[in-house]
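Chain naming follows the written order as A, B, C, D and E, and within any one chain the residues start at number 1.
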Amino acid sequence: MSKTEIRIGGLGGQGVILSGMILGRAASIHDGRHATLIQAFGPEARGSACSAQVTVSDVPIGYPYVRQPGILIVMSRDAYTQFVPQIHPEGILLYEQDLVQPENLPAGVRAFGIPATRMAEQLGRRLVLNIIMVGFCTGVTQVVSEASARQAVIDSVPRGTQKLNLDAFQAGFEFGRNLVVAPSPVAP
Amino acid sequence: MTADPLGVLTGVHFIDGDHAACEGALAAGCRFVAGYPITPSTEIVERFASRIPLVGGVFIQMEDELAASIAVQGAIWGGQKSMTVTSGPGLSLMMEHIGLAAFTEVPLVIIDVQRGGPSTGLPTLPAQADMMQVKWGSHGDYEIIALCPSSPQECFDLTVRAFNLAEQWRTPVFVMMDEVVGHMTERVQIPAPEAIEVVERRWTGLKPGDYRPFQPAEDLVPDMVRVGDGYRIHVTGLTHDERGYPAMNPAAQDKLVRRLATKIRDAGDALVDVREEACEDADVIVVSYGITSRVAQAAVEQARAQGVRVGHARLVIAWPFPSQRMAELAARTKAFVVPELNLGQMSREVERAVAGRVPVRLIDHAGGTVHEPDRILAGILEAAR
Amino acid sequence: MRAASPLVEGYPKRIPLHDGSEVIVRPMKRSDEVRMLEFFSGLPLEDRQFLRHDVTQPENVHRFVTDVHRDTVLALVGERDGRIVASATLQRHHYGWMTHVGEIRVVIARNLQRHGFGVGLVKLLVKAAIQAGVEKIVAEVPSNRTAARKAFERLGFQREAILKRHVKDLCGRKRDLVIYANDVSHIWERMESMVLDFNPTLGG
Amino acid sequence: MSQDKPVRQAKGTVFVRPEVCKGCAYCIEFCPTECLGFSEEFNAKGYHYPVLKHPEECTGCGLCGLYCPDFAIFGIRLKDIPQAASEPPVPPKAG
Amino acid sequence: MSTDTLDTLGPEGLPHMDNPSLPYLRGERIPHIWCPGCGIGTTVNCFTRALGEAVSDLDKVAIVSGIGCTGRVAGYMNLDSFHTTHGRAIPFAAGLKLARPEMKVVVYSGDGDLFAIGGNHFVHAARRNMDLMVVCVNNFTYGMTGGQLAPTTPEGASQTTMPFGNFEKPMSLPFLADAAGASFVARWTVFHVRQLTRTLREALGKQGFRFIEILAPCPTLFLRRNRLGDGVDMVRVYKERSKIRDGADTKDVDLGMDGDIIVGKFVDRERPTWLQSMNAHYQQVFGERYRPWGGVREQD
């Protein structure tokens, strides 16, 4: 696959942009590919709908926007409703399963859920939800390599918080790997 | 000269265009920034404010854009490399001091992260509608230089270049970013300091008494001195003679204004940077700049897939406008297509340059987002017909 | 679902002393029981006063070594020449309004005190606490233990409270107990500001 | 020129550049010893410039020079004049 | 004008002497453009005397003006001098000062320039205690543009844009400077040449934001229109109406067409300058890693 479009949607404050940042950094710096992140910006983003667009490619990226995401990551119900019509017919949907109930999914789309908020709470900090989703995305889709994603997490979070964030990444990653290795648990 | 290692974050980064532009300024030797916050340019000064204590220098948030755009000129006469950063509404307020900088030949860099306008417009969404304002916005006749980055990497590279051009030509130099380029995050490679070429100020070799602050060298650009070094210069925004003294008569006006225009207009290839791709035998040439170049490139590739011979000419330096190059291209193509995020600004420059020899098709857009590539594609296909 | 043994990665570690020698620091193991009893029994009574149980009693040490709830307590020991020379713990609450608070307790053999060892141990615990998501770290020090107090102060702990005439020393004299606190929440606030999705300053 | 007052020994004097004077009269008005007056002649711009009418009254206090907005006059104590002639100076020709 | 016409008449038998202001001026630019009876030149005399007494190296003094009659002062001073845009002398000077902290930077401008169009900059530079000396020649009017209403025009005074008498309340400049946080605030008139010289000298030797207001007559536009006579008549009025009150509360020093003119040194307080605050603060935050900004860098 030479080019993958990723759309990440959620609520402001869930770390949507940071998760896009980590995926982009993993791809462009540590995997040596090309990546472009377009971030939702401005006060409108706070506490309401928020999204990031990441394009990962083997060749330089021209048009920087995501039009038909091959990977759609949603962390809120509104994000699901808003972005699911755009998803590629054979795309992958990754969703927070306590917050989003996938309905009316196109037939070719494969969907994978994770209780990321609860997992984050059990790790001690709800704010690593987005890092769990990054791990989950890496585990399920391998759009970036595990080693690169881990390194990108370390690069992207404040000093002192790397350990917990890596634990969060690991938890999401393993959860995702188990789903992919096992048959898909969701049949929408 | 090469860059001072203190200001250079050598390495590979995944940062947005605003942050990259700040790093470019630091690498170029900028150690004084006066700013006033305005979306979507604010991250540039925020980063500068957080970086400068350990690099050595000053950031000051002024009370408005008028203050910011003249405080930097004070700092430049004080010997510093300096810039200010803004977006459309702030640029409107800075116009008076752009005129002052052009007239008193201050090597000033201004980064304009364009957003939708006029007025408050669309603070968080892109446009390319300040292109004419930077060229013509201050009163009177003057010339500026404007660079158009289309990626965070170019935000770094062209900000370094903007400082170099400013020092070399002593005229205001603009980095015409836009909201998308400013907030788009990509890999940015910052070279080692010794690999970054930095143009130092043109310090005079003359002694106080022999030196005249506005006596031009061969390339029509005068050498500079630093305040406090004993030259006792006078600088005024009034029409002035080579001593810097007010000289308010038609002859002095003609001499000064003509020299300031000529030094840029006659710079020749030094100030032409058009990145051309497959323009040699193209039936249609797309002329683009800034973020729109990336969208246009997608459309160009789609058009080629449909068998159209289409070239792409990207204006890295938009001002001075490469009229001669456009005329040359007009001689070997059948049509121009000019997409831009405004209702027709640089497209009219293209029209002026090709002087009716071939049609120029504007693909306009009021801003707020970039073009859909399909719209540009449709324009190319129609022009090719 | 919880990530396994989050805090004990990277051990054993070495803490250099002022005299150039080193002490190995590692998580406490069940097999340490006998040596722990030896260590505690060797402490002068004055130092043992600070502990909550009589650690010269084998059953208390047994309980400490085996029952440590490893999710809420990080227990480290210092080891030199095969002997335990220090015990250092970070205790957390799993429930309630103090889940963000960690408490540090450090006991060091007499001959290793004032060698920079205590500072090294506390540093490790602070790092572990931050990694575990702790926002505030507290420690209790009797007012007459000036070396210990200096060690905490050097590491950025602030005197937050003084409980007057709160603890009794060996002679039954009542002494003040100083509560030291180190608010490390700013580290997590930086993380919080990163996930705000508002004008994020995510430069590298 | 007034001859009413007893002749005194001058302690100071003034220097005037008539051509830059604009006739504002600050120097004359605020001279503490009232030793200045207008010239009868005009300068090239048509102003009457100041002249030392009572040289013996001048103390060289310098106030005229401080007041003069046009840098046209200044006063100075004789002993501060470098290589001052030992003989009493002849005042400049009054207008 | 040829140098001949600038010849100095001195007593016969005495050596030729130059006006003591001349070494501080760009002599080839004199005579200046100011009207007969205008007080701006008088303030320049006091300033040159103060420079001579307070400053040993004139290469380390820069003067910045805005636009207007007083705005022309910079162009006549034989210093590094800048005639900037209308109202913006202070931010220009701030940039210059921060780029070269070893310079003494003086802003010399008029009331309209500093307090109408430039009022915001004045307030913020005073608030920051920017290390600038600001001299305002207050003539109550816009001279260069022909006698329009200024923010300092007294109530009742007639101006071309207030033809039936001013009904706005004027701004009390020392009160504003004091409230905004200036370290040093004084007011004199062009009558008080000795006191003014002393104050300018004192202010040149100090640090922080220093503000000196000087009342000066504008005979052409303010006095004539308000039938107040000539420049010299107004200076006589200053003499009669002035009360010297050092340390006066600045809220009591406002000006009208009649009544006392309170003059003196009103405020003199110690405050760290903006640059001192920045260096001290970052030294505290970053310790030895901080690179204090002195701006002293040898020319390459």
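Everything below uses one rule, namely that a residue touches a chain if its C-beta (ideal position, glycine included) is under 8 Å from a C-beta of that chain, and two chains touch if they have at least 3 such contacts.
It should be emphasised that the depicted structure is a prediction, and the values quoted were computed from it without experimental measurement.
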item: Chains in simultaneous contact with chain B and chain E; value: none
item: Required minimum of steps from chain A to chain D, each step between chains that touch; value: 3
item: Result of counting contacting C-beta pairs for D-E and A-C, higher pair; value: D-E
item: Chain C-chain E separation of Cα centroids, rounded to whole Å; value: 64
item: Separation of chain C from chain D, taking each centre as the mean of its C-alpha atoms, in whole Å; value: 89
item: Chain B and chain D: spacing of chain centres that average the CA atoms, whole Å; value: 60
item: Separation of chain D from chain E, taking each centre as the mean of its C-alpha atoms, in whole Å; value: 28
item: Interface hub residues of chain C, defined as touching at least two other chains; value: 199, 202, 204
item: Where chain E touches two or more other chains, by residue; value: none
item: Numbers and ranges of chain B residues touching at least 2 other chains; value: 13-14, 16, 185
item: Chain E contact footprint on chain B (complex, rising order); value: 32, 34, 53-58, 60, 62-64, 66-68, 70-80, 82, 96-97, 100, 200-201, 203, 226-238, 245-246
item: Sites on chain A touched by chain C in the complex; value: 12-18, 21, 25, 39-43, 45-46, 50, 119, 122-125, 127, 130, 155-165, 167-168, 170-171
item: Contact footprint of chain A on chain C as seen in their complex; value: 1-3, 6-7, 9, 99, 127, 130-133, 184, 187-188, 190-192, 194-200, 202, 204
item: List of chain D residues in touch with chain E within their complex; value: 13, 15-20, 22-26, 29-30, 44, 47, 52, 55, 62-63, 65-74, 76, 81-85, 87, 89-93
item: Chain B partner contacts - residues on chain A that touch it in the complex; value: 20-21, 24-25, 28-29, 34-39, 41-42, 44, 61-65, 152
